[in-house]
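Read through the structures below before going on.
Next come two complexes, and both contain chain A; in the first it sits with chain B, in the second with chain C.
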Partner chain A sequence: MTRQAKSQATSRAPEPGSRFAPGETVRVAERPALGHCRTPWYLRGKTGVVASVQGIFRNPEQLAYHQPGLPKRVLYKVRFEQAAIWDDYRGPAGDHLEADIYEHWLEPASRSAPDLEKAR
Partner chain B sequence: MTHHDHDDHDDHDHDHHDHDHKHPHASPQKDHDTGPVGAYEMLEETIRSLLIEKGVLTAQEIAAQVDLMDSRSPALGAKVVAKAWVDPDFKKRLLADTRSALAEVGIDIGTLADYRIVENVPGIHNVIVCTLCSCYPKLLLGIPPAWYKSLAYRSRVVVDPRGVLEEFGVELPEGTEVRVHDSTADLRYLVLPMRPKGTRGWSEADLAALVTRDCMIGTAISAVPKGKRKAA
Partner chain C sequence: MPSPKRKTMPRKGADGRATHDVGGLEFGAIDRHEHDLALWEKRTDAMLILLVGPKKGAFAIDAHRRVVEDYGQQTYDRITYYEKWIRAIRNLLVEQGIVSREEIDERLAEVRERFAKAGRKASKERVSW
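Moving on to the complex of A and B:
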């Protein structure tokens, strides 16, 4: 990664009350969801790094059913190594995927988690 | 239908001389209304008429909103990109606080979803997708192309972004990271492409003409077309 590339890890100020800070390793919960949900299946159980805190939003899982969507949830931009998502990713190791994931879908993870996952 | 009507038909390819003109002709216009009404069309019509009936919206308001949507085009996004290319301070503000920077150029995000601009730099090429539905920066790009909403693009670009970019004709320098942005939640993404080489001194308007819709989705690279190369 070039120096310019590294500086692109957008460091917006963390939202008050956010559980994770940019740079922290997190794991997307591996659980099913009934109904509307903004956490894609392909990222569940995958480990990435918080790239930035995106803000606080009403919970879309409730909004979809005409509920107030409260309490609001912190939204994170999580950066995943492509190789940590797909076993057979055909691009180089530096490729990444970023997705916006709500806090209640994230768990703390140790840095070695992707390796453990691969070993399984 | 009289005989001379036929002269106006674009796709009327049968032989007039061997034809007795007694069968009923189908309308020459291929109107999308002529097929059976689909379930979603019926749903849309029902909801629309209920909203009007209950006084939530007027027909005029709905028509005005449709007009507004139709008036948006990638030209808006291109204008923003070109300004960011010529004005480094604007670019900084655009990346840090997109809402206020867009307001400066008269684009009001209002109650719509907030924007994030991801910048292509030497070493990183960004590409946008929405795997869960078809979130798209409509405010800056207008109505999305059909392929953006297709299951093929949405599923393939996350698994094999390089394969998809290759099909779009995107050639990246060796060592470039491909970074896919899945707009899964409440934000809309737009790629700020790299300013093409050989455009020093170009006006904002000339630069904006180089910024295509696909450049701002990340499925193209902004470039100076061969015929348009001028001396700096």
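Moving on to the complex of A and C:
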């Protein structure tokens, strides 16, 4: 049995495909979290670009409470411009940071998102 | 070189954030002191890795993060990195029914007695849950 075939055979829930592709503009959901959550507060409501798809993992928000964490969630590396995150950012233009964000915290966005307008 | 005393930090504008989620808040200078890890800190590190590993699987690493994140602000800011770890390990072992509070208390009393007989110092402090 190949490794791939084995992992498919032991997979309990259908794994969703990736909703977003590298290069796509996404917005981090602006919502509070009840309990454990790996999406930092300072990125909520901010717009960035998908840098890569990191893989598919059991949901840490459920694993934190001894639940199975299924269905698995796609994890993305998202790139944010620093000026889009901080109101008073004074560093060089083009400064950016990358953060791992799970798919259920991301929404499709266009470049004219409100927080980008604000950052200009 | 001793590290500066840790204190509770105000969280101005934290509005609804979890205690640990402080990215972007004004938090003063970063403590950049290097220090060697104590033996108990190394043991704590090893213990967590073994507990979350596939062989033991006592709880997920995310559960450990959750317990640390749920400390009150005073506790979170005043205790050190591995103090957070070992307290959370203790709490999770009880939460998962692997050991009981009574077993931990009994064992601590035994160790204190052993230390006292040997003339070694042992903290009398009770670490809150």
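Note that the second predicted complex is superposed on the first by the 98 of 120 C-alpha atoms of A that agree within 3 Å, B and C clash if a C-alpha of one lies under 4 Å from a C-alpha of the other, contacts with A are read in each partner's own complex, and residues count from 1 in each chain.
Just so we're on the same page, a contact is a pair of C-beta atoms (placed from the backbone, for glycine too) under 8 Å apart; a residue touches a chain by one contact, two chains touch by 3 or more.
Here the structure is a predicted model, which means the values were calculated and not measured.
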In the superposed arrangement, does A:90 touch chain B (first), chain C (second), both or neither? first
Chain B versus chain C as contact partner of A:40, first or second or both or neither: both
Answer with first, second, both or neither: which of chain B and chain C does A:32 touch in the superposed model? second
Touching partner for A:60 - first (chain B), second (chain C), both, neither: both
Given the superposition on chain A, which partner contacts more residues in chain A: chain B or chain C? B
On chain A, the footprints of chain B and chain C overlap at residues 40, 42, 60, 85-86
So in the complex, the part of chain C that touches chain A is made up of which residues? 16-18, 21, 23-24, 59-63, 65-66, 69, 96
Chain A partner contacts - residues on chain B that touch it in the complex: 95, 114, 116, 119, 121-124, 131-132, 158-163, 175, 177-187
Which residues, counting only chain A, touch chain C once they are in their complex? 32-33, 35-37, 40-42, 60-61, 63-66, 69, 85-86
Under the definition above, what is the set of chain A residues touching chain B in their complex? 1-2, 4-5, 8, 10, 38-40, 42, 54-55, 57, 60, 75, 82, 85-86, 89-92, 94-102
